[in-house]
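Just below sit the structures, each encoded as structure tokens.
Two complexes, one shared chain (subunit A), two partners (subunit B, subunit C).
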Partner chain A sequence: MSYKERKIGDTLLKVEDISLSFGGVKALSHVSFDIKEHEIRAIIGPNGAGKSSMLNVINGFYHPQEGLITYKGQVRRQMRPHQAAKQGIARTFQNIALFKGMSTLDNIMTGRLLRMRRNVFWQALYFGPAVKEELEHREAVEKIIDFLEIQAIRKTPVGRLPYGLQKRVELGRALAMEPELLLLDEPMAGMNVEEKEDMCRFILDLNDEFGTTIALIEHDMGVVMDLSDRVVVLDYGQLLADGTADEVRNNQDVIDAYLGVSHGDDESLEGAA
Partner chain B sequence: MEMLFFLETVISGLLTGVMYSLVAIGFVLIFKASGVFNFAQGVLALFAGLTLVGLMETFGLPPWLAIIATIGVMIALAWLIELLILRHLVNQEQIILFMATLGLAYILEGFGDIIWGSDVKVLDIGLPQGASDFLLDGYGLYVERLEVVAAVIATALVIVLAIFFQKTRIGRALRAVADDHQAALSIGISLRTIWITVWSVAGIVALVAGVMWGSKSGIQFSLSLIALKALPVLILGGFTSIPGAIVGGLIIGVGEKVAEVYLGPFVGGAIENWFAYMLALVFLMFRPQGLFGEKIIERV
Partner chain C sequence: MFYREVGQLKTSYQSDQAVFTIAQDRWSFLVLLIVAFGVVPFFINDYFANAVLLPFLIYALAAIGLNILTGYCGQLSLGTGAFLGVGAYAAYKMTTAFPELNFIIVLFVSGAVTAAVGMFFGLPSLRIKGFYLAVATLAAQFFIVWLFYKVPWFFNYNATGQISMPPREVFGILITGPKAQPWATYLFTLSVVLVFAVFAKNLVRCRSGRAWMAIRDMDIAAEIIGIRPLQTKLLAFGISSFYVGVAGALMFAVWLGAAEAGETFGIDQSFLVLFMIIIGGLGSIMGSFLGAGFMVLMPILLKQSMVDGLGLAAVTAKHMEFIIMGVLIVFFLIVEPHGLARLWQIVKEKLRLWPFPH
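Let's turn to the complex of A and B:
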């Protein structure tokens, strides 16, 4: 993994002292960590630890009551989701959020919407520069389709696809945005071993080839240990540990809190590594 | 002679159908962008008509200026609807949004009443009235001029809308928003912009519908009830299709006229009142997504 050490750059995103509550329920309290350029950052923790809330804070679905977010050197308190998207943050969802009535191709094309800059009236006339633009975007989308190996389902309405493929299309739509920061919320949940391996390969490849920075939530410890450069551990909305996969794995707090003190779990952790 | 009469019936049906289509298109727009049946669409037409007449009568504006001002009012209204209602209902169940439009319908109706009064108003923006001489003299065919004008305007409107929504990125964004709010936000679509755009366009379509119906039979409360006639049109054409709304409107327009004239005598008349709904019921049984609607796919 040494080649990765070279690639990792400056801090891309930093969250400081983030607190978020819904009514009386504290989802996150005083969480701080950072994500560096080109790295794969995992966020782990038991159910209800606040992992998805954290992603939702980063891309603007939730607005934290306290804390600061610094993205690309700009400090912000909160942001609307579509603004986050404009600034290069793309994401996938835990419960797939695709446009079910549209085909795979159209779904991925929607990821290009922000990049279509031609005047609406040129587009309406489908004339001159607008035609060229549409073709360019189509080309970019075809590349993504090739990359994710989903050529066969190009025209299929995504509502008809099996779960694993839907996850892949959702990743494709996020990639179409050519994001700088990609947030993946349990990209491998509900997949079989083969599908998981494919997904891992895609994540590593796109990090390698395009240098995309990735923050992902995942429950499969084997996957987390294989993929990530650094790991954040959350528990009950608080930061429990932050470090490389090895550091986190050997952290006694993490072993106790995240895996429970049962020794059975402990073994599975070793096995996964 | 018999043939000529049939032709007159069909043409008159077609032209009524154009009116239905106009109202139905307003529904389709909002349904496409928010997956919601906008109960207030009929009232929007009433409100637009009332505002137009009010501006002309109260301030003595010439028709063209009043129309531009009314368009401004409809856009402001769209902005207000987003600000006060839609914004707070993001990610809610569709039934909740539907109930909100129901509330909106009554608020608008009352609001229009308070400002412009509740009596029937005559709308005259100088559209031609009476029989079309050319057809009457040349072919002995009686066709209302106003209805011909309505058909021409509706056709132009439909062409502009179709181009706007099918060929531009707004069209794709619209479908995205209709499908999944959260996902649409995550790819950078501003719900606000889309909703204001769509409600503005729906408001302008309502204005056109209001002007056409109003020129024919005056601006009155019953205008808001044409919403109910649009429902079977939508079931026929499919809730998501603008061409569907047009074809559906025409079929129902012609169908009810022809049925009234040729079947009416045998069943005691008044077929016009229920024919559309019966046709819709038949369609619901055999083709629930309508003629042009998207197939409903649900994975279990």
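Let's turn to the complex of A and C:
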């Protein structure tokens, strides 16, 4: 733990007073929290709490009606997702969003697109610098493939892969961007215990080795409590709690939101306990 | 038995990313090239060039163009006929305005003009997708053909409204006009198509190709990893139209020699090329050749075998040909919806094990 505390740096991303609504539906109202460099930050909450909307706000898919987003010390204007990508924000999706017609290798190679410079003419000739660039990035991608232990499925079209591996490839594609901030939307949904453990290991490793800041949404409380440095709890679009895993676990509001509150005879229940 | 890759080890990423990773493929391709360049020109005659080889090559080029847009980038287009026309008319205007200009430059300029027009009509693709985009490109098809009819400037104010290609030379060899030799037109077309096919293959295995496929497969995720949708789609429209434009210029100048907007570049052409890439294989350069081969050669084969072989009347044979072609297309689409290229791949995978099942 002490190692972690030493490692965590300044604020990387700060959202202040974010409100987002779709017509009459309020997805987020006045949410503020921050993400520090190198930390693993979990966003939890019941279904429909606005967690995915929050990620969508961070990487530019949704534009909040109110509020400020400060990323790397700069207040951010409205931006499109590809601009967020350029600034070093990568993400994975709740329902896998891979490029189904392409192989694992090509999928992860697309993650390097922003770093490739050669123009169409060089590419058409496939000569000199263009080849060199391809090979350089291929090498970087191979490192990721090694890291995620997916060597065997390098040339397999991702549409044919089982669910757990697809999630892993999607993580690989996000990693290929060498992001500073990695947003993971339910990286372990629908996995069995073994796959979950693998995924946890990858998340911890890449946080350790590459110092990537990670914000993750997850429903498995065991995973959240084990992995994350700090936890944000959202409920009905509002911030319910913010703090370390232990603080959040013992927060009465959080317990109420997850387990529900019984109305009327609170006293007698407490007495019984 | 002979199609094995045993012992062919790849030791570098470069060899792993080659187009033909298996030695047998490399050798067969080389043999094919030698036959195409070294043998065919000696045996070619007028009929063989103008009815079989030139249409095959030129349609293959157009199919590569459309495949880049539809097969790789996922943008459905029904404007191919009109874009062929733009290439043809651009070539005509260029070569009549500047008779001294090298025909290769004329080809490139026609491609560039078509690319500009294609990109303009590709602008709506940011907002509309799928069938709706197809309808938007359909507008391009009708508008452009109408323009070529209505504005006499395009056909140099001549009385017939047709355009016809004056004789032009490349490196001192006549390649257009009625006096051009079949071997010359064939070799010229073959070289152009080959070069552009290689370019296309390189593009689709590099950054641009991956960006196109990303947009095709999941545009939201593509944007997340930093691909700009409009630029990427416009690039696909531009390059696709460039190819189609060059094909159109070749079609008019080298193959047909004369053209009329509505007849030569009508909506049937759009569908013909679209069928070629669907049957050949969406998202495959080789599929473009296979599809063009199928759609060009099969009718000729059918006609020959029915008229000469079975002794049917020409009219009957023509109708039979429609029926059989229709049945064949349906058959192939049911057997392998991903086209002939995929079928070829499956055959190759089977061949690796043949004759032993394991």
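Convention: the second predicted complex is superposed on the first by the 258 of 273 C-alpha atoms of A that agree within 3 Å, B and C clash if a C-alpha of one lies under 4 Å from a C-alpha of the other, contacts with A are read in each partner's own complex, and residues count from 1 in each chain.
Please note the rule applied: a residue touches a chain if its C-beta (ideal position, glycine included) is under 8 Å from a C-beta of that chain, and two chains touch if they have at least 3 such contacts.
The model shown is predicted, which means the values in this text are computed figures rather than measured ones.
*Asks:* Kindly say whether there is room for both subunit B and subunit C on subunit A in the superposition, answering fit or clash.
*Replies:* clash
*Asks:* Could you say whether A:177 touches subunit B, subunit C, both of them, or neither, answering first, second, both or neither?
*Replies:* After superposition on chain A, A:177 lies in contact with both partners, subunit B and subunit C.
*Asks:* Which partner does A:86 contact after superposing on A: first (subunit B), second (subunit C), both, neither?
*Replies:* both
*Asks:* When the two structures are overlaid on chain A, which partner does A:204 contact: first (subunit B), second (subunit C), both, or neither?
*Replies:* neither
*Asks:* Once the shared chain is lined up, is A:255 touching subunit B (first), subunit C (second), both, or neither of them?
*Replies:* neither
*Asks:* Per the contact definition in the header, classify A:8: touching subunit B only (first), subunit C only (second), both, or neither.
*Replies:* Neither: A:8 stays clear of subunit B and subunit C.
*Asks:* Touch check for A:138: first (subunit B), second (subunit C), both, or neither?
*Replies:* Only subunit C is touched by A:138; subunit B is not.
*Asks:* According to the stated criteria, A:157 is in contact with first (subunit B), second (subunit C), both, or neither; which is it?
*Replies:* A:157 contacts subunit B only, not subunit C.
*Asks:* Do subunit B and subunit C land on any of the same subunit A residues, and which?
*Replies:* Shared contact residues on subunit A: 59, 61, 80-82, 85-86, 90-91, 93, 97-102, 106, 109-111, 113-114, 116, 120, 123-126, 173-174, 177.
*Asks:* Tell me, which parts of subunit A touch subunit C in their complex?
*Replies:* 59, 61, 80-82, 85-86, 90-91, 93, 97-102, 106, 109-111, 113-114, 116, 118, 120, 123-126, 130-131, 134-135, 138-139, 142, 173-174, 177
*Asks:* Quick check on the complex: what are the subunit B residues that touch subunit A?
*Replies:* 163-164, 167-170, 172-173, 175-176, 179-180, 182-191, 294, 297-299
*Asks:* Would you pull the subunit C residues touching subunit A in the complex into a rising list?
*Replies:* Subunit C reaches subunit A through residues 13-14, 17, 199-200, 202-203, 205-208, 210-211, 213-214, 216-218, 220-229, 235, 239, 283.
*Asks:* Across the complex, what residues on subunit A touch subunit B?
*Replies:* Against subunit B, the touching part of subunit A is residues 59, 61, 80-82, 85-86, 90-91, 93, 97-102, 106, 109-111, 113-114, 116, 120, 123-126, 157, 159-160, 173-174, 177.
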